[in-house]
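Per-chain numbering from 1; labels A, B and C assigned in written order.
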Amino acid sequence: MISITDDIIIRTVSRVLIPFIQVYALYVIMHGHHSPGGGFQGGVILGASFILYLITHGLEEAKERMSELKAGLLSTFGILLYSGIGLLCLIMGRNYLDYGGLSTLLKVIPAQARSLGILGIEIGVGIAVMGVMFSVFFDISTGGILPEDEEDLGVNR
Amino acid sequence: MYILHIASIPFLLVSFFFFLAATVGLLRFPDFFCRLHSTGKGDTLAVLLSLIGLSIYEGFSLTSLKIIFIAVFMFLAQPTSTHAISRAAMRCGLEPWVKKKEEIK
Amino acid sequence: MNIFLLFGMGLFSLVFLCLYRAVFGPGVLNRIAAISAIGTKTLVILLLMGFIYNRVEMFVDISMVYALLNFIGTITAAKYLEMKGEL
């Protein structure tokens, strides 16, 4: 089980740098069509920032920010967003993930509807990758054994 | 913008010298702490100098601002990671290298 | 033949010199230090490639991500060794 680092330099520098890393990850997700990056890469950076928080501040503090339950819910929500947009295109009479069908829903021209649809897909992929990466690191670092296992899985709620 | 291209060349040359010195120290020093001392200081200074030189070459734009952001990030992150490794080595019980007594005489 | 190409080739040879310490270095700590130095040089090489190909606004993002993941990887390796307590 990872405990908090008793070194003030590592804690302070990581506390200063983590918000900038997360803002940069959001930039990579949103700016993915014009520069290298996209949903997967931004999600990896976002997950890496949470992993850095877990390493430097310990498991107890990291569970308040991002628990295993929250990571699982976020990853399933990302996949739901992805497949929901895809199925919405299917309902509108086009192929799966053919965003041109969204133009009547969003009341814009088809080219703009394609851009907005791709943005929604990227956000979904980013959230899913972030949740899966954090939960994989969580499981590996704890060995699957948690002190309050029932609370974390939401059994008693 | 020709004068900016000329002004960036000394930064690159000096930074290459510091990269070379850090690499020679990494290869030739006898101990882990000595090697870390070489790369930790030399690489940080060399990266700062080369990034400043490249941003001077680029001129005033969004790209040069991003390069300056990388320089600030490296200025914070590189000494921290060096500190973390050396601290882990001390915790693992690695003894610092000292000269033998008969060699001092 | 410009200055960036010469500087990049010099850094490329220095990366190979660092690779000796990463492959043959005694113990895992020397390897971590050498890989951190290689990552620092790679960051500058990526920016130089952007200047050579005239696509700096694309390569600067990759360079930023490389710096970030190098930092997080080194901190993680140090934390693992510190928790393990021995070499």
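Rule of thumb we're sticking to: a contact is a pair of C-beta atoms (placed from the backbone, for glycine too) under 8 Å apart; a residue touches a chain by one contact, two chains touch by 3 or more.
These numbers were taken from a predicted model, which means no experiment stands behind them.
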Label of the chain whose CA centroid is most distant from the centroid of subunit B: A
Two chains joined by the most C-beta pairs in contact, as defined above: B-C
Centre-to-centre distance between subunit C and subunit A (centres being mean Cα positions), rounded to whole Å: 27
Separation of subunit B from subunit C, taking each centre as the mean of its C-alpha atoms, in whole Å: 11
Whole-Å gap between the CA centroids of subunit A and subunit B: 34
Where subunit A touches two or more other chains at once, by residue number: 10, 14, 17
Interface hub residues of subunit B, defined as touching at least two other chains: 73, 77, 80, 84, 87
Touching two or more other chains - residue numbers and ranges from subunit C: 57, 61, 64, 68, 71, 75, 79
For the subunit B and subunit A complex, residues of the former touching the latter: 73, 76-77, 80, 83-84, 87
Touch list for subunit B against partner subunit C, complex: 9, 12, 16, 19-20, 22-23, 26-27, 32, 35-36, 39, 43, 47, 50-51, 54, 57-58, 62-63, 66-67, 69-70, 73-74, 77-78, 80-82, 84-85, 87-89, 91-94
Residues on subunit C engaged by subunit B in the complex (per definition of touch): 3, 7, 10-11, 14, 17-18, 20-21, 27, 29-30, 32-34, 36-37, 40-41, 43-44, 47-48, 51, 56-57, 60-61, 63-64, 67-68, 70-71, 74-75, 77-79, 81-82, 84-87
Complex contact set, residues of subunit A against subunit B: 7, 9-10, 13-14, 16-17, 20
Contact set on subunit A toward subunit C in their complex: 2, 5, 10, 14, 17, 21, 24, 28, 35-37, 41, 45, 48, 51-52, 55-56
